[in-house]
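In what follows, subunit A forms one complex with subunit B and a second complex with subunit C.
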Partner chain A sequence: MSVGAAKIPVVVTEAVEVNSLIKRFRFVREDGGQMPGFSGGAHTVVEMDDAGTRRLNPYSLMSDPGDRSGYEISVRRDDTGRGGSAYMHREVRPGMKMLISPPVNLFGLDLRAKKHLMIAGGIGITPFLAQMAQLDAMGARFELHYAARDRELGAYMPELSARYGDRVHRYYDAEGQAIDLTTLLAGQPLGTHLYVCGPKGMIGWVLKTAADLGWPAGAVHSEEFLAPPVGQPFTVELAVSGKTITVGAAQSLLEAIEAAGVDAPYLCRGGACGQCETHVIACEGEIEHNDHWLTDDQKAGCRHIMPCVSRFKGAKLVLER
Partner chain B sequence: MSKTDFGPSIKSRPVYGVLSPRPGSSHLIVADGEGGAAVEALFAQAPEMKAKAHLIYIPGANGTDMSTAMAALGAGQYNRAPTYASVRSRIVKVLGDGHMGLQVYATGTESLMGQVQRDAMEAGLPHDAVQTEHRGSLARRVQCVHCKGITENVTTDPFVCSHCGLNLFVRDHYSRRLAAFQGVNIDAEDPGEVPPAEERFK
Partner chain C sequence: MSLDDFFHDETFFGDYTFKNSPRAIKRFPFPFPEDDYMYSVNMEPHVPGRPGSVFEHTFDVDEHYVAEMRDRARVLRDDPLRCQSLPHMTLAGWDLLELIMESFARDYPQWFSLTKSGNQWHWINRPLNIDQKFTFLDESTLPCGPMEYITRQAQGDFTLQDQRNDNLWIEAGMVTTQADWSLDFDIGMSFHEWHAPVPKAHEMGVFDRALKFLLQLQHGAPVRRFNWTMTVDPLLDTSPENYPKWGPGKTTLTKENIGQRQHLRVELQTLFRLPRSNAIAFPIRCYLCSFEDLVTQPKWARRLHRVVRDLPDELATYKGFIRNRPLMVDYLSQFDDGAPTSPGWWPDE
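Moving on to the complex of A and B:
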């Protein structure tokens, strides 16, 4: 059970190769109606039936929030991942019917800001595409700093520069270019909000630099969806439903709970939103906490687990589910 | 946590902390009345911040005046002002010209801290980016919810609105946007039946 409305039946109308790693997909409603409205930074969870394995992956909506005729996402292929992005690249083509969730925004703009400063790394550009369209329509002040490995992998860079001009700053790792973050952050007018989306290392660098320069936590926003890591299979007892399940090596605990027919809450499936938080009744072993949600104290306490991304090693794990 | 014990209240009621030095490119410090002592404590913790500090001090409405001590603290820039209203345009200008990394500190009465917070919010800072520490008088800045007039330094409950003359009950219901507690007519149904005023906010 995800929170909120029912899944939306959609038809894929476009599957376009953007570069050697990224494909863009467009979905419209099967019944021809309008998509639910969304705000920049929102994501949808795409349901995949991969040869009998049900996959649910979150992807940021990149299309203009003002356009309710369809949703667009961009998917970066991860060849070492569990297979969701590979499935999107390999199997999804125009005409195919799929199910997607209504939009959820965990990375919204703070519209009280005087200025919006966005920092993107690689595929982390996607939520900003929607946010910039929203801000541009509002006449709000924004600036994008977007780093990619090289010109080929800098998805949408020329289009962004053409549309937003000198509000877009591009950086290519391969050409030795890097964001001069300290100068950039120190020079921002009071009332600026900072947004960062990209690889883990980049997010950590931006958050730490901002904190060191005295940026208040409430003016700094980040989003990183984690893919559930692969690991060793383990066994879990579900106390409320009275079931004992085995979580496969490439399966997440949440997916194993769902596969056993047990209704469990979720929203982002990427360790960010907190919706799937589950009480641990007994734990003889070690929980591998992989989420961004629980505090360090909670992680050390072994009383809570986020089944979407976390795993377990040990003799016995009993959950209140 | 605040050194002043305000007793149990509703969630709307502001809570205050203790000023502590934060990393930053510059520091705007606004204090009134007994708040001067919190500024002394702040500078004692981090003397190196003085050079980058702009200190604004307003003597208390209750007569407490630490101006001489404040002027001698060694802040990079020091201004004394008779009231918040008289110095507000300066504060708005400092905030408007400021860059991210500017730290804002407010200490003294709730009226002073609330107005600094309001002006920082209007400049685009999150409300919780302003550090606060309560010192001195508990007098409140109250908005009459009927005529919208604001009465400063309210010490009794109920009190008479200085604008429309209604008898107002002072609530803990607080507005960050207005930087004021809400005052509601206490004898609307039975005009003239007003409980005796008590000095609740000395």
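Moving on to the complex of A and C:
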């Protein structure tokens, strides 16, 4: 179960191919009402029924937070993933009814910032689309540096330039262009907040460059949703519910717990929010910690696991669930 | 019933003409579900509750509404710093204004109405004779900032907490009915900083757990809890700023006047995730009930006696009534025959 708020029944009104990898979807409420307001950077968890397999994937809301008539997300198809994005691309079309979660924001703007400096890589552009619309309406100062593989895959680039002019800087890997990050970060006015969303490598590069230049940690914000990785099947004992379950190769531990009819808390399902943290009672083997939540000490201690993204290899794992 | 018949004309200072009607006594949010009391996070979903109770609606508007708003205006005239909002909290103020206006208009259509045409809003507050047209999210169209505007029309104190760096920061508020704490002192503090004066609870890990819970609070899923203390005379503004004016009153309590003058002060605290700002709104609604009114409910009389008698000294000191505890226990013991009390805090029918 997700904490608290009830899921929102929606109808898909648009499923638009943005480029060869990305599709955009628009949802409106089934009852015709308004969507809840949200803050730029928030995501929703989309529930999918993929031929009997229940999939729950988080996607950043990209639409204007001032527009309560509907929500929009963009989904990049991952052909080597577990199938959620492929399902969205293959099966979801206008008229279809779905369930989505109310918005949750783990990548919020710091509204104290004198300037918002945003760095996006590929599909990592989506939370910034909502944030820029919100900041623009508030008259706040922002600047976007957005890198994509090539012109074809640079989703929404022309629209962004048309709307925000020279506040948008575009870079294409294929044309040998790269963000001159050190110069960029060295020259920002006091009170600037830095945000990065994109592939793992890019996030690491930006965080390290900022730290090396002496940026305060509190002024640097990043978001990376992890897709639960595929792996070898493994067996887990759930001590509270008295069940032993097997986690399939393309299934997450959280999904396996849910499939066994055991109610478990979650919010982001991407290793970021901490909601699904579970106590480990016994562990004979190695937990593959894939989350951003637990500290390195906690990961080494084998007393906690984040079942949304983490897996296990070994003889015996017993959880307090 | 006309507006004037429902809303009391009464004062919360000076001659203290505040009085609960029999209906208000019956619906008083008595905060003790058991005969003893210890801190806990004790949060539950803030969902509509029993009809007629203070939980019936998102915000409770009761017979003291008009008088409380007059008292707030009086306190603000004397000390404008009771209302403060740091510059980045304006958006959260709009979120709060929307939440209160929509709730009031939905739950009390006889008193409040809100009509919208895009961002052009029209707000009518009949009990306070207010008719305001304004542009949502445009501060220049209201007589003051959005948080101040709406909290001059809503009972209870309000604070707004910004969320960043895995913490909550108290950075805006309207605080005129507080149990001896100061917004002017606390503004800008983090969650653990502003709770630092509370005894025992830190060691129990209460605040670590509460913060972790609140950081994950979801829009559309508000929660609530109670807090309580004791106040001599029905004074809403028990502020540290004014302690010299009200503190000495505690020394004038006697066996003869305690029933009338000693009040149990209950806060119904609710917490809402705000949509556009991702901040958390914390309304703290204060209810007062005199001991003589409380003991008209036999279950409450028995239980209050036991709670006050057995409370650890640190808590009685922190809550500011250690000095008068013997007098309170003495008075309340007359109404406690030792009989068992039923579980939960609803009065026995």
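Just so we're on the same page, the second predicted complex is superposed on the first by the 321 of 321 C-alpha atoms of A that agree within 3 Å, B and C clash if a C-alpha of one lies under 4 Å from a C-alpha of the other, contacts with A are read in each partner's own complex, and residues count from 1 in each chain.
Assume a contact is a pair of C-beta atoms (placed from the backbone, for glycine too) under 8 Å apart; a residue touches a chain by one contact, two chains touch by 3 or more.
These figures come from a predicted structure and were not determined experimentally.
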First, second, both or neither for A:Leu190, with subunit B first and subunit C second: first
Touch count on subunit A, higher of subunit B and subunit C: C
Which of subunit B and subunit C A:Val104 touches, first, second, both or neither: second
Partner chain(s) touched by A:Met138 [first = subunit B, second = subunit C, both, neither]: second
Touched partner set for A:Gly218, first subunit B, second subunit C, both or neither: both
Partner chain in contact with A:Leu153 - subunit B first, subunit C second, else both or neither: neither
Subunit B versus subunit C as contact partner of A:Leu267, first or second or both or neither: second
Which of subunit B and subunit C A:Lys114 touches, first, second, both or neither: first
On subunit A, the residue positions that both subunit B and subunit C contact, one per complex: 110, 112, 218
Subunit A - residues contacting subunit C, complex: 2-6, 36-39, 41-42, 65, 102-105, 108, 110-112, 134, 137-138, 218, 267, 273-275
Partner subunit B, residues of subunit A touching it in the complex: 110, 112-115, 185-194, 212-216, 218-219
Contacting residues of subunit C [partner subunit A, same complex]: 45, 86-89, 91, 95, 98, 137, 162-165, 212, 216-221, 275-278
Subunit B - residues contacting subunit A, complex: 22-25, 95-96, 98-103, 121, 123-129
